[in-house]
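Have a look at the structure below before the remarks.
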Amino acid sequence: MIEKIDKFDKIKILKGEKVGWHRYTYGNGEEIFFKNLIDKKFFASKCKNCGKLFIPTRIYCEDCFEEINEFVEIKELPYIYSYTLLFKDLEDNDLKEPEIAIFLKWENVEGGIIHRLKEIDLDEILIGKKVEPVFKEKREGNINDILYFKIKK
Amino acid sequence: MEFKGTPLKDRDIKEKKVFYVDWHVKAHYAWDCGIALSYFFEGLKNGKIYGRRCPKCKRVMVPPRMFCELCFHPTDKWILLKDTGRVNTFSVSYLNWDASRREKPQVPAVIEIDGASEGMGILHLIAHPEKIEWENLEEVLKYIKVGTKVKAVWKDEKEREGKITDIKYFIPIKEGK
Amino acid sequence: MKERVAIIGIGYTQLKPISPEVSFREMIYEAAVKAYNDAGIEPKDVDTFVAISEDYYEGTAIFDEYVPDQIGAVLKPVHTITQDAITALAACVMQIKTGIFKIAVLEGHSKASNIVYPSHIDAFALDPILVRPLGFNPIFLAGLEMQRFLIETGNTEYHTSLVVLKNKRNALKNPIAAYPGEISIDDVLSSNPVSLPLKELDISKKADGAFVIVLAKESIAKKLVDKPVYIEGIGWLQETPNIERRDFVNAIYLQGAANMAYREAGIKNPLEIDFAEIDDTFSYKELQHIEALGIARFGESGIMLEEGYFDFDGAIPINVSGGSLGCGNLHDANSLRGIVEAVLQLRNEAGERQIENAEIGLVASWRGIPTASGGVVILSNRE
Amino acid sequence: MQKVAVLGAGLTKFSRRAKETGKELAFYAAKMALEEAGLEIDDIDAVVCVSAPDAFDGVHMKGEYLSDGCGASKKPFMRSYVGGGSGVFGIINGWYHIASGHFNTCLVVAEEKMSSSMPHPQGIFNAIYDQFLERPLGVNLLWIFSLEMQRYMSVHKIPLETIALVAVKNKKNGLDHPCAQEGIPGNYTVEEIVNSEIMCWPVTRLMVSPVTDGAAAIVLASYDFAKKFGKDVIWIEGVGWCLDTSYWTNRDLYYPRYVEYAARMAYEMAGIKDPKKEIHVVEPYDPFAYKELHHLEGLLLAEKGEAPKLLEKGFWDRDTENGIPSSPSGGLLGVGNPIAAAGLMKVIEIYWQLKGKAGKRQVKREVKRGLAQAWGDLMQVGTVVILGK
């Protein structure tokens, strides 16, 4: 280009945003997981082709690409597969209080769920620890129906 | 062949028959206008419309750009254009950006700016010459057709911010009818 | 078609934290002019064009509308791939190998500085029902992965800090790098916590920049330039989009992509490569990717790094360009920086960063949070 | 260059609002295509996904989100994206995966869930316009269509009633499509079309294709792989795509030159000298009534300004004897418009017509070669594919 901006005050920036918001209906898979979460139950989908169990429930097996229509309750509690102490909010500002994000898995069940951990003092070894959910009173079929998980004493 | 899918009614959602969750994404941006548009918007702030010329194909282009996309060659001159033009095409819109209905129509148009090369237009709005707001389709068609001459109506100088909206709208001018 | 595809032209701009003096069009145009000059051709000689972009990085819907003008592609076959640059490079290679197209161009850029809330955009990639409603800053996923990776492989935060030190130091010798620097292990270990064990200096900072690459089939490449760089093998893979199904320890996507690329390039042992430009969006990712590529055995990438195996003068120099930690994070265009570095090395034009008699280079990409997808391409200057 | 065959096709119901997530819609369509091709997911070497703006489904990097529903876990996966043209571009993207010799089979999945975007999917299109020069004017998607329609009508002096015949034809054809969106097909008179509510004059409500959720999928395979499937295999004979400048206000919108360039590329590859004779059935992109005619001229199947006249003579009707049936599927106006999946639905219609499996929609005349075309962006991209027996 044979001409460039060489004075700072000649630079123009235009502020703006992509308009619109979003409303996501749950699919057939998610619906089963959260319908049962209202009753404080964790459900997994079971693939009749490979026999694997998956949390959260989905209507297809990601590995065999077969349709799934069998769903079973998983009674035992999940364990902490990994955890992290998170210091930032969505605007990349420091959180008032850092919080613990966790990835929970169930024994011999594929997948797992992301959630938050509370009532914890930090020097405990967390990996592998069993946790139990603390539910909201009024549940409506949302991942936040679980307020948080805490270590199963 | 059995085709799958579960159609829903508006009611199903309003009456919460199905689960759903909402989210408002904060997709905010501070876009760099760059060389050509910074100059163009500076011009608008001063009540002027500038085009940019390509030395190889001689096209005078608006909106301006620092390179000619056909010759793939740098453009070399700022050309002061008139703030009048000709309607290349127009429409009569009863819709806002989000598909909500408008009582009174708006007239978006591609306006070829006088002084730029043939066919060089920009998108803008055309208003009623006196009442500013159009009553209905019939009234628009009395004033506007492909080829109608139009003139820019500018915001007051102190209100101008260096944006495309510094031109409030265009209005049809006499000999165009 | 048996003929290889070669890179014959590269064009790129300075990488910078902000670039307010040029629009995305002007920035890309500059890179395109350089690429066509480097390849000794004009845009009208090009048969097909591929660009990479993501709507929410650009702030526009259907961004491919705004691609053709600045790369000289008006009224030509042009399409956008919304993925990393190596997957898009594969799109160019496959088009040329159909025999219909002789010369192709690939464009990728970043205007990350224009995004006001980058973490909101990353969060918008999370599953809207299962994860996003929790409201976490999506960087938590890197924290979770780094935690498990360090525990299971035995690599330590000392090793991940060493990656940052190496790459920022390498960037001192790369004139286009946005974040070069001489820092210590302690600087990294004591930097602000973000999502422990992930700290501020473990994370590559965003940068703006544009890249254009010209490719041609071998017979044409040899006529046009005297130092074509050949694509010996290319691979790309999607592990899974679901956070709960991904492997937190092994980069399965790179294992799969590498197998594809090694097989096509006839590489039996990864140690045959002379250097590599590997995704280092986060410090631990370079180690994870080194192990996935088979350059180091499971759990040994940290030790080999410590012994200088991957230093500029080591057995297999990794990220001599400075990587993302040294040059800046350009989203999906990161691997274009890697490809450009590999081309400069294989043309013996890397100046102070030149690796002696480099013949085979590898570039590996990752699309960043929250994906588990990436690609591998193997380049050489062997006739 | 490897010859590429189409071995199977799948579709979901088209609906204004689907309960399923985009992943699940993609799964249903992909699974159906695999079943028709008699293949398992392990037979698939690579997966291509096409989908229009991420802002519809409301997920950034939407290709990643959809990939497991497209069967792409642990496979080479690529999402290509040319706006509205993506539907037909999906088969082109899959074509070069195989024609290059890199893969033997490729699953192409097109998905769109527009209903997630609020307050109305049309609002999402505000962001396709230039943020500096056009969005600040409060621009609506339909502006650009009505501006183009006005230009097309005024240059060729085409009456609104003639253009309305496209909507009459397609909505009638759509009655016979099993996936048609509820309330979209129907028997309408020209008057009903012309006098329906004005949206953006000269565009009225019944001339606009609806907002739709849906998915489509096809299975592609190389010549050697497809030989096992006997004789009635459908082949890809030609592909073409072309993108015009983004400065749409500097182009004369009366004629889609980018569609012509794409069509010429495909005709050349297919060895077609006289398209009007050698194309036996066509599915041009019809998001708006006038657009079908606009595209038929770009595809060189009618002279400039002639498509409307031929329409009046029934040249494009489904049961024409000597004309070229256009949009026998019912098109976007008659079946629904889930953007990327709409484009692939049109490709699938050509595939089913050539296989004689279009049921009540089967055209009367004999067909050996058909063309599907999609359009997109700011009146800017043409994508063309030619299928043959």
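When the chains are written out, they are named A, B, C and D in that same order, and each has its own residue count from 1.
By our rule, a contact is a pair of C-beta atoms (placed from the backbone, for glycine too) under 8 Å apart; a residue touches a chain by one contact, two chains touch by 3 or more.
Values in this document were obtained by computation on a predicted structure and should not be read as measured data.
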**Complete:** The larger set of C-beta contacts, choosing between A-D and A-C, lies at A-C
**Asked** Measuring centre to centre with C-alpha atoms, which chain is farthest from chain B?
**Response** A
**Item:** Where chain B and chain D are represented by their mean Cα positions, the distance between them in whole Å
**Value:** 28
**Request:** Calculate how many whole Å lie between the centre of chain A and the centre of chain D, each centre taken as the average of the chain's C-alpha atoms.
**Result:** 36
**Distance from the mean Cα position of chain B to that of chain A, given in whole angstrom** = 43
**Asked** Got the chain A residues that touch at least 2 other chains?
**Response** 1, 4-5, 11, 13-26, 28, 30-31, 62, 90-91, 142
**Prompt:** By residue number and range, which residues of chain D touch two or more other chains?
**Reply:** 17-21, 55, 58, 68, 73, 118-119, 123-124, 126-127, 131-132, 245, 247
**Fill in**
Where chain C touches two or more other chains at once, the residues are 20-22, 26, 29, 56, 59, 61, 68-69, 74, 116-117, 120-121, 124, 128-129, 133, 240, 242, 245
**Request:** Considering only which chains touch which, label the overall pattern as line, ring, star, complete or other.
**Result:** complete
**chain A-facing residues of chain C, complex** = 20-22, 26, 29-30, 56, 59, 61, 116-120, 123, 128-131, 133-137, 139-140, 143-148, 151, 192-198, 240, 242-245, 248
**Message:** Residue numbers of chain A touching chain D in their complex, please.
**Reply:** 14, 16, 18-31, 59-60, 62-65, 67
**Request:** Sort out for me which residues of chain B touch chain C in the complex.
**Result:** 21, 23, 25-37, 65-67, 69-70, 72
**List of chain B residues in touch with chain A within their complex** = 6, 8, 13, 18-33, 35, 37-39, 41-42, 66-67, 74, 76, 97-98, 162-163
**chain A to chain B touching residues, read off their complex** = 1-5, 10-26, 28, 30-31, 34-35, 90-91, 141-142
